[in-house]
Amino acid sequence: GSLQGYTGPLESLIGDIHDGTVLAASEANASGQYAHGTINVPEGDSKCIDADAAIAEAERLINDGVIGLVGPNCSGVTTAVINNVTAANGVVNISPSATSPALSTIEDNGFFFRTAPSDARQGQVLAAIAMGRGITSVAVTYTNNDYGKGLADAFVGSYEALGGTVTVNSGHEEGKADYSADVASLSAGGSSVLAVFGYADGGALSLTTASVDTGAFDSYIFADGMIGSGPALGGLDGLSGSWGTAPGGSTAAASWASVTAAAGITPGPYSGEAYDAMALIILASQASTDRGDIQAAMMAIGNAPGVSISAGQIGFGLHLLSEGIEIDYDGATGVEFNDVGEVKGSFLEYDVVGTAWSSIKTHR
Amino acid sequence: MMNTINEMWTSHRTQISFTIMTAILLFVGFNQSWVLALGIFNLSVISSIMALGVNIQWGYAGLFNVGIMGFAALGGLSVVLISQQPVTDAIEAGGFNMLIALMLGVITVVVGVVLHNKKFNKWVVFASIFLGFFAMRYFFADASSAIEKVNPAGTGYLGGLGLPVLLSWVVGGFAAAGVAWGVGKITLGLRSDYLAIATLGISEIIIYVIKNEDWLSRGVKNVTGLPRPVPYELELQKTPWFQDWAHYFDVGLGEFSTLFVKLCYAGIFVSILIGLIIMANLALDSPWGRKVRAIRDNEVSAAAMGKNITRQHLQIFVIGSAIVGLAGAMLVTYNGLLNPTSYQPLRFTFLIWVMVIVGGSGNNLGSVIGAFIIWFLWIQAGPMGLWIAEVISNFAGEQSSIALFIEDRVHHLRLVFMGAIMLMVMRFTPGGILPEKNKEL
Amino acid sequence: MAYLEGNSLVAAYGPVPILHECSVSVEKGELAVIVGPNGAGKSTAMKVLLGMLNPSSGSVVFDGQDITHLSTQERISLGLAFVPQTNNVFTSMTVHENLEMGGFLRDDDISHTIQEVYDLFPILFEKRKQNAGELSGGQRQQVAFGRAMMTQPTVMLLDEPTAGVSPIVMDEIFSNILDLKNSGRAVLMVEQNAQQALNIADKGFVLVSGRNEHSGTGKELIADPEVRKKFLGG
Amino acid sequence: MVSESVDILNAFALLTNFIIVPAIAYGSQLALGALAVTLIYSIFRLSNFAQGDSMAFGTVMVILILALFQSDWANANFGAILPPYEFLSFVPTALYALPFAIGFTAIYLLVMDRLVYQHYRRIKAKAINMCMASMGVMFVTGGLVRIINGPERMTFDDGARFLFSVRDFKEFTGLTQGIAIKTSQFLTVTVAILLVAFLFYFLNKTKTGKSMRAYSDNEDLALLSGIDPAKVARTTWLIVAAFTAIAGTLYGLDKGFLPFQYHQLLLPIFASVIVGGIGSPMGAIVGAFVVSFSELLLTYAYKKFLIFLLPGYVPDSLVQLIGVEYKYAISFVILVVVLLIRPTGIFKGKVV
Amino acid sequence: MITIKNLAKHFGGIRAVDGVDLHIERGSITGLVGPNGAGKTTLFNLIAGLYQPTAGEIILDGEDVTGLLSHQLFHKGVLRTFQIAHEFPTLSVLENLMMVPAGQLGESLINTWLKRKEIQEEEKELQKKAEEVIDFLSISHLKNERAGNLSGGQKKLIELARTMMVDAKVVLLDEVGAGVNRTLLRQIGDAILRLNEERGYTFCMIEHDMDFISRLCNPVVVLAEGQILTTGTPDEIKSSHAVIDAYLGQGIKTKESA
């Protein structure tokens, strides 16, 4: 099953995530190696911010007999779904994009996994790079939800520990009509660098655009939510000198690029994670579609030892599994779970060159 | 034939509509799943209670409250503050200063009001409030940052009192009532749309406070794992008697535990709903109700007949809001989490309004049926959209461009669907499904 | 066949009929008055003539043409004008705009007619820039009457035009109605000031519970002791 | 001495760049939507919840028309005018498509009126029922917008982006603080002024306009005066369509097109209308500016401004009245306060 | 009973009531006449607390009641009717009357749950009283009709009927006669006289029907342009030239006859 925020504030990101899941499922189907016939992926709409609707949808999907759930996306409803549905019903629930640090410690009975790394780690990475680049004072704006706030907390914590100054640290709401007030008060702190922790086509983009237009900051720091495919922030000019990080940089990335190229889609934020999430469920259910067994198999399949499987090799992986050979799924993002079922993740550092992203370095 | 159906409908609206709704839920139960049906049922009951509160305000008194979301959120916040376990570290870190800050706040307000009432120069009043505010601010800033620094990823807030969760529902009602009283005192002089925007504004303010005052509510980081008035599924699954039962009914343990928990909730919710409806109907069908309807009909004339309009409006505003607060607390308990970002006007204010109007404003049972129908649509419009997409692609061929196009956009079809059905229901039942008797359309 | 007539009208708002086979009519150059107790159906009969309420049986004939199924709008463009009993001014528009709206359908210059109305009711000229909603009860009646005059109708239907106006203005209104009639128009009016109205009327209808109880010339009705006692208050 | 007066200039340049220009632009954007809402309200007694989504619809129509002339639909950037017509690009291309988009929007709104609202007018339903019906229309319109064009963000390639940019300004004046004015901002303000003047003239001076007011005042009496309700409805929706499509497009030019964001515009638009006095065109405009300025002025951190203004003085806090997180809350506080002082809005609006 | 001193009400530049001194005697039936727009209704609205005066004061039984709100004045015994009927449209005719008396047990919310019995008794009493009033106005066939569906004249009767539901000190009647059938109006006049004589009600009434005024009222006060023109017995008023010019007129004239 696929439970995503098709409508609601994240609706515009979901297209890419959806593509990722579909790609994995169709690859498995095309290989003909799946032991239980064709894979069907019923879809549910989590609305991203409507916990009641998300729970109802999750219940519906589970009663439709899905063997596992990919999703939801937003950390808030993810928590609701884990608490109310998946943990209680013993269904594996693997989110491609919920990055809130709080999810690491949730009581999930071992049924919750995620292929997106926790933000706690990214905050440290960003802070270290910033200090390394000699940036000693920044203003921070984050999208006012658990993702943005969590990431900002992590970043500010490590940055200040490293000796940096945060002049202003404030949240912005999604989907508002105007962000010039945010820009005005952020710029008044006097720092010339702004760290933007938000969504590439949400409020953060509007905010960054307004900021660039008024010349409020010289350069910007972006976190994963802001870095996608295509030109940087829709081709906004005036970003040169800015940089950011996003999960990636594993050896697996090349395989993902060729998979998407072959399928003719442009990968977007979290689409690789979504692909991996779906692939993991498929692989883990090769032996048995019992929900409990799937959970038991997840860790073994995601982690070493075993034959490394990268994106585009789902069929091969299925084949190996049916032969009884152990695999280590790396997929599109180099999946490796820690003991609470989260990927550790590595991060790629990007520079904005002209209007394009250019990756320069990997941080593990 | 058409005529007899029509007559049946007009004379037995209530029975017929409730029968149909039950049938639909049973259908969902048999064909999709009982867990889903019960889930829809429970949420519908909670929505009914919220809609009832709104109906009391609008249907009885014509008060256009568009701040439902805020009162529901207050109920939700009460659950956290009453029933969560206290975070001792945080209290040690900043609890004392916070207490001082809050007390200073209260003192400032009281002093301000007293000075104002004693007709002191307004600059004196202003200065004292100003001073009080900064004194409060001083302690407050320290306290809140100290509290928020305590394990921000896990807690970072004060926690609650650790009292029973059912008590928090009552407190939720009272909290909403208290705020409604203050709001009403200030804004009830405003008419219709103006009152609407004022209440809308106040509800936004409440949400912003809950979102941004992390020390109080953990802000956007959500509070999860709230206590329940009913047993936990995982524990049930471990008890032998429960396993026996599941075996006896021949239902999977997981599903059976979920069902059981939902049934327990359903029992609690339904008894509250029935109690409220009985009380509301008794009140409406009495001289009190007559007075209230008269005021709604013509305020100038009611005032000339000696009725105190402002006081009556305030009473109704407070009661309605308290009921919304209660429902808000129930909802948060049911979900087990307080998620401030989920408080969106569309979901918590406008959807409830649609329920009231579709059901028939002024009629308490109407609010119930409205809540059931609209919530059902809200949940099932998605699957219906998917189903339509499937039909189309069967019809036009799996790979035809139209099928692909629809397939791609199917999730937006639900919006169209939801809207279209809503429009249809309203069109064919002017005045609502169960209109108030003697009501102007 | 009269210029405007309603024949055996039966009409209802809900299940119970209000009008039972009620007939009224008026000729060109004639003033007809409808009187009767409160709730007799007088206003209802007017509404049916105007097409604001559809009769379940009976017909409305205007100038030899059956207009029973025409809409209100079409009847207005045929030359009917109506002053309702209540809600008869545009409260949020100025007095002047109210009069302009009266002349909405006319393509010629309406300033002349507006001046006539102002001459007739000087108070309206003083208040021309004030919103009609701020006027006193009697002033509103004058605006309502003036608005109907603006259309220069061939048939004028009036529902209690003198309710709430002072005696002096009542005289003005009645004399204007006589002028209208003398200039060859048909005037049909409901009045509770029945004495005065019947005095100047060419014919009268007494409506009771939606039925024609009496009819005759104005003088005949005044002279009828039963009518006097039951409906004219003396 | 010299540097001091330059610093004062800098201070005001700062204020202009970060507060005045954005607030005026945002205010005008709101005002255009608010005019449509207030017009619909005053004619039909309808609080139109579908306004934000209708604006999105109008903008989608512009996008579709532009897309017809460009193959580059998927790539989200519109309006690059191809040679040999580049001389046309002194205004954003979207404006060329606008008249047609207005036409399509008008058709859509008229269809909705026919399917939905007409019925409620005929049965003389209460205002609230119509208002709920508009919520149904909101869902449908929102769905259609996303079905036609997807939920993703699109940006217009809007010709010359800046009237002058921060760098231009700095070079020209030699100040350290710059001011930027975007073409779209300038356009929005101009159009808003023109449209409000038009609406004012239309409603108060023309016969059609007056008949529309008469209809909204007392429908029965309007009928008795020979006013054609169908025509009033048609005219109203035509004007509304024009306002809606224009408002949507101008907003999109400045801030990009995102259906969810358009939907969310509803709240500030309503706030503007009501604070200004519902039903009053002038009120809609003033209300919009009250909303936009209150957001900016109250949450601005005046530290930098004060440093320029009072040389030698460096405040150790940000000098901010209230955190920017609360900016929407604050603008609502302002609304409530305004309403308490003037209970029917600044321009004495209608009360139902 | 009621003494009004130098009362004024201005709407912007319009002086609707402009310095009125008036004394309403206990037990009298005072008539208030005057041209349209003289300020009669505005004066009533001031006395009944719907408007706040621009200047002046109102004294009721020696107590200054200036600035009290209408519901407070009701409890002090000031009742009024409206020129443009203000019925409660969705209430039945009976309910329109039964809601009037103050201090009903069942008007308190708590009682509606706890004292069902007592409330029922009280309701019976009220209903009996309301039915008497309705009977008297010969509209008993309408008692369960929604007031919104009544005819124009019937609504005016409801206005009057409501004042008969309680014992008032002073009743302000604003053109109860306009639109009411003359035969019925005669009976209403009888009732007013009876209430006045038997129960000592004080009335103050605005009316344009001089016959009605002459039959009931003494004194008659003539208001014009916000000020008092004259005061006197009906006969004095009818023969006053000033009143004839400003208010009564000379009878119907037409263009032809002129």
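When the chains are written out, they are named A, B, C, D and E in that same order, and each has its own residue count from 1.
Note that a residue touches a chain if its C-beta (ideal position, glycine included) is under 8 Å from a C-beta of that chain, and two chains touch if they have at least 3 such contacts.
Just so it is clear, the model here is predicted, and its values are computed rather than measured.
Undergrad: Steps needed, at minimum, to get from chain B to chain C via touching chains?
TA: 2
Undergrad: Taking a step as a move to a touching chain, how many steps at least join chain B to chain D?
TA: 1
Undergrad: Looking at C-alpha means, what's the farthest chain from chain C?
TA: Farthest from chain C by mean C-alpha position: A.
Undergrad: Any chance you could check whether B-E or C-D wins on number of contacting C-beta pairs?
TA: More contacting C-beta pairs are found at B-E.
Undergrad: Please work out the Cα centroid separation of chain D and chain E, and write it as a whole number of Å.
TA: Going by mean C-alpha positions, chain D sits 50 Å from chain E.
Undergrad: Rounded to a whole Å, what is the gap between the Cα centroids of chain C and chain D?
TA: 47
Undergrad: Taking the mean of the C-alpha atoms as each chain's centre, how many Å separate chain C from chain E?
TA: Using C-alpha averages as centres, the distance is 28 Å.
Undergrad: Using mean CA coordinates as chain centres, what's the chain A-chain B distance in Å?
TA: Result: the chain centres lie 32 Å from each other.
Undergrad: Mind pulling the chain A residues that touch 2 or more other chains?
TA: As it turns out, chain A has residues touching two or more other chains at 7, 11, 144, 171.
Undergrad: Would you please write down the residue numbers of chain E that are in contact with two or more other chains?
TA: Within chain E, no residue touches at least two other chains.
Undergrad: Two or more other chains in contact with one residue: find those residues in chain B.
TA: 211-212, 412, 414-415, 440
Undergrad: Sort out which chains touch which and give me every pair.
TA: Pairs flagged as touching, ordered by label: A-B, A-D, B-D, B-E, C-D, C-E.
Undergrad: Under the touch definition given earlier, write down the residues of chain B that touch chain D in their complex.
TA: Touch list, chain B to chain D: 58, 64, 186-187, 189-194, 196-198, 200-202, 204-205, 208-209, 211-212, 345, 350, 353-354, 357-358, 361, 409, 412-420, 422-423, 426-427, 430-431, 440-441.
Undergrad: If we count contacts the way the header does, which residues on chain C are in touch with chain E in the complex?
TA: Where chain C meets chain E, its residues are 13, 36-40, 42-43, 85-86, 123, 127, 130, 134-139, 141-142, 159-160, 163-172, 174-175, 178-179, 182, 192-196, 200, 229-234.
Undergrad: Could you pull out which chain D residues touch chain A in their complex?
TA: 17-19, 22-23, 26, 29-30, 76-77, 146, 150-153, 155, 162, 165-167, 178, 180, 182, 251, 255-256, 258-261, 263-265, 268, 292, 295-296, 299-305, 318, 320, 323-325, 327-328
Undergrad: Applying the document's contact rule, which stretches of chain B touch chain E when the two form their complex?
TA: 279, 282-283, 286-291, 293-294, 296-298, 300-309, 315, 319, 438-440
Undergrad: Help me check something: in the complex, which residues belonging to chain A touch chain B?
TA: Residues of chain A touching chain B: 6-7, 11, 43-45, 49-53, 55-57, 59-60, 62-64, 74-77, 79-80, 83-84, 87-90, 100-102, 104-107, 109, 120, 144-146, 148-150, 153-154, 157, 171.
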